[in-house]
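Two complexes, one shared chain (subunit A), two partners (subunit B, subunit C).
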Partner chain A sequence: MSVKKQVSDNGENIEISIDGRFDFSLHQHFRDSYANCKEKGQVFTINLATASYMDSSALGMILLLKDHAESHSGKVVIVKPSESVNKILEIAQFHRLLTIER
Partner chain B sequence: MKNKQTLLLWLGGAVAIVMLFDLLFMQVNYFSIICAILLVTTFVFLIKEDNNSNAIQLANEITGNNSLNEQGIEQTLTSIASLLNQQMSIIDTEVDRASGLIRDAVTGISGSFKYLKNLSEDQQQMLNTVISHQQGISDDQSMTIESFVHDSSATLEDFVKVIISTSKQSLEAMSFTNEMSKQLEGIFSLLGQVEGLASQTNLLALNAAIEAARAGDAGRGFAVVANEVRALSVNSTELNNDIREEISKAQVIIKQLQHSVETMASADMTSTLEAKNRVSEMVEHVGEVNVKTNTVVEELTLLSPKINETVEIGIRSLQFEDLTHQTLASLKNNTQTINSLYQALNQFDIKQGGSGEQLKMLQKQCQQFIQKAEYENEHRSVSQSSMEEGEVELF
Partner chain C sequence: MTTFSEKRNIKLALVVDDSVMQCKVLSVLLKEEGYRVFTANDGARGVAMYVKYKPDLVLMDINMPIMNGYEAARKIKGLSHEHSLCPLIFITSMDTDQAFIESIDAGGDGILVRPFSPNVFKAKIKSIQRISDLYGQVKTLQQAQQKDAELAEQLMSGVIEARNFSRDRIGIIRQAAELFSGDIQLTALAPNGDVNVMLGDFTGHGLRSSIGAIPLAETFRAMTKKGFSLLEIITQINHQLYDLLPADLFLGAGFVSISTHNASMYGFNAGLPDGYLFSELGDIKYRLSSTHPPLGVLPKLLPDSQLTVVSIAETDRMILISDGIVEARNEQGEMFEFERFEKTAKQGVLEGSVCKVMQKTVNQFCKDMPQEDDISLIDIPCGGWEQLLIGSHDFENIPDQLLGDTCINTRPAWHWQLSLSGKRLGLLNPIPMAMSQINEIEGHADHWQSLYTVLTELFMNSLDHGVLGLSSDLKASAEGFAEYFKEREERLRKLEDGFVELQLSHHLVPNGGRVIIKIKDSGQGFDIKNYYKNRVVDSSQKLKFSGRGIDLVEQLCDSLDYQENGTVVEASYVWTS
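Take a look at the complex of A and B:
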């Protein structure tokens, strides 16, 4: 249950890694991880390789991140979701909203 | 007559033996020769007469037999006539019976064919209804399982969207309440400053009161003012505490609000996932069932015209009744011929000695009957021998 943030050297790529359950308890950390990134054209990558579970608040958080990124001409990419997490993303039809790389 | 002949024969025989004896043992003489000639002549005469009497007897016998034969012919013909009559009446009865049976059977079969045709048409109509229902074109209002499942799927997707959107809005609300909480913290620090001002004012008022006491009577009025100022500072400290208390209450409420928002934002998607899976399975199942049903219905649709065709063939085959009736009717012609023959035989009356002519007449009549029968056979009303020919409309 943790949020890790990695910023590339040029500052254009921000990778946010989620470990364990991705739920409401992470919302403050998650929000803090991107709230100060206000440069144009940044790419936010959400790495879900070690995320075991996801609830609707996680989806809401991702959408808020998407709003934030788009307001700064950036975009959001989800990478390596597990089978169960990917199913939840499919139900939410997130593959229509943003890029999901398996 | 016969005794006389025998006697003469014996006598002749005896004389002949005597003569032969004479010829062998004695010499030939005239007497003997004359005797022999006489004897032979007598013998020849006797034999001739015997033949004549035989012929007469035969003729007499023939005459007696003739009358017997005529009687026999008449009897035979009469028995033939009665046999013909009996057979004819049997044939007539049987033909009528066959006609009746065929008529009844055909009425029954025709009725059942009509019923079968009606049933087949009903079936066709039902199938058409089923097909139109299946395709959902019969009524825009009608609800097919397919559309129901599709709607369920869409509703589920909407539901998921609502959940996610609620979560998103809740998270936004959450950040707003966090901001509000921070603002309240700021108010707390401001209140601390206000409290500091109040305590300083209190100290200043205390100092002022001390200075006023030192000044004696001249400072009495100032001492009153200093006391009032001190009282104000105490009041403002009390007010400060009240405000702090209220804000603390507000912060508790904000905590409760945040908890509610958290609950609102955190919806477990597992059950939704299962529901979605079930709907997907249902969609697949309904699709398969639909395909199968459509195939069966199409096969049934092809079957109905075949039934109709078969029924029509059956109905066409029913014209055998007509043909059979005609055949039976022509059979009646034959029995009429037999009847005429019977009449002719009945009229046959043998007069004494006229049998030959009568028989000739009868032969002539028979010849006429044969000719008539052949003519009728050539012009038989039923010439059709196969059911395949011709069309018969359903009556």
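Take a look at the complex of A and C:
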């Protein structure tokens, strides 16, 4: 279980990768990964390629990030969710709220 | 008030050492620190003394006859109650890493290596006692919190579950992962006889996730009782949760309204796993899939939000679940998943007890694995909800003459009217407003339930067939009924002009009264003659999806009259106390 953060050279793209179970235990790490990113127009990419599971508190954490991004005129993109994680995003109809790239 | 930790002024210490001399030395030092001291000269005796006196502190030698210090320590730690940490310190002259490691492994809370000065000894005792006190405080707090939580949970389930409608017929599984469940199951009866059901799953579980439950339950019940439509209730709940809850706390929710009158189920799924409509043979007739993000995420429902309408048979069962069931894990880490769920649900339907079969199967699957999430399910029978409505004909103890005269010659006790036009007509439902007026003036009574039905039927006729110009021919079949409903939503959304005028006059007579309902609409007029003509032809058919409204109103009212080419309808409803 871990949260990894990678910032592009120009500082406009922040990629947050989740490994393993994406649940409440990552709350603090996930928050820390973006709390200091306060520049205008940043794109936050949540990479779920290696996330094995996601629960509703993870959905909540994504919504908090979305609030953060939008308050700085930025946006959030979710990429590469696995079949089972995508199922959870689908049930929550998150594609109606933000971009999901499979 | 301290309920748990009885404060003893004198603390007890137990010294276990095979050297009588050592026991004496330590006793003196401990007494200087205010302890009352007991001694034992071997491990076994030490354990026995521990059981007898329940000391606050144990000092333990390592090398002793009969039972050595490590073994005695293990026994004592095994006996000590969870809520009282009895600190145990090893006293030894073995100054080796091995001795230190083994002491801690055996459950020791510290080690003192001889030789030591009296002051070092006293300092060690103080430090260990400090930790022990802290442990006691934490435990006391934890217990107080647990008690508070239990009380809160009791109140909460009292407010939520106890007020549910038809708890005997609607099956509910509610198995919380913690004391507090983040899942909530609500059932309520609408004034027109529809049964509204909601299964909600707040983010996470435990107390934090259940704080939204009370306002949610209040809104769901109050609005259902006042006769708001399911979509109006959902809109309001979404808005309320958005206002109340922080951004990361929201509600996945499935809503179902069973309408016996329309032989239909209205459904909406916002972030829950599929809901299922099962036939009596356990076949899946329909899946109610999520079409909307959970409630409380967006300030308003998405603009294309609408209810799904499905025709139902009386023997069907509608089942809603939260993700706790399908995500329950067994010892191998596998999830229960939908396939097992569907199979088990089918078996449950066939055996006539979905809840029992499901609960048993899920628990067998998970065995001793700790439950990670709240598990819940609602099993709703689609039939058997017909109500006894109280109609005017039941009141034969008021002479017709008196009724007639009263209404012609006197002013009504009160008169209420509301005219809605254009966009507002498309948005607002005036029936709950009318009912709330009546309840406010006359107080709550069973006979107003029937008046609600009359008002709803007549208003819906005026709106649907008058203003919106919908033909009830569409409602001839089950599929058509869903089509009709969709078309109606569409036309309502686009409604720019047209009006419906609603008037109520209440005349009092001894022991009762008469309510005159007059509704006028801007439509082409309702062809009542044609309706009666067709009704004779239709009556041979078993299942009718239209026309039942007027039949019902006729049964409930003592007169029903269409005027002005069918654009005005006047009905009279009589009640007695």
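In the analysis below, the second predicted complex is superposed on the first by the 102 of 102 C-alpha atoms of A that agree within 3 Å, B and C clash if a C-alpha of one lies under 4 Å from a C-alpha of the other, contacts with A are read in each partner's own complex, and residues count from 1 in each chain.
Assume contacts are C-beta pairs under 8 Å (C-beta built on N, C-alpha and C of every residue); 3 or more make two chains touch, one makes a residue touch a chain.
The structure presented is a predicted model; accordingly, all values stated were derived computationally and were not measured.
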First (subunit B), second (subunit C), both or neither touched by A:L63: both
Touched partner set for A:Q28, first subunit B, second subunit C, both or neither: first
Contacts of A:R96 with subunit B and subunit C, given as first, second, both or neither: second
Touching partner for A:M54 - first (subunit B), second (subunit C), both, neither: first
Subunit A residues contacted in one complex by subunit B, in the other by subunit C: 24, 55-57, 59-61, 63-64, 88, 91-93
Subunit B-touching residues of subunit A, taken from the complex the two chains share: 23-24, 27-28, 31, 54-57, 59-61, 63-64, 87-88, 91-93
Of subunit A, residues touching subunit C in the complex: 24, 55-57, 59-61, 63-64, 67, 88, 90-94, 96-97
Residues of subunit B that touch subunit A when the two form their complex: 157, 160-161, 163-172, 174-175, 178, 262, 265-269, 272-273, 276
Residues on subunit C engaged by subunit A in the complex (per definition of touch): 201, 203-204, 247-250, 252, 270-273, 290-294, 297-298, 302, 323, 373
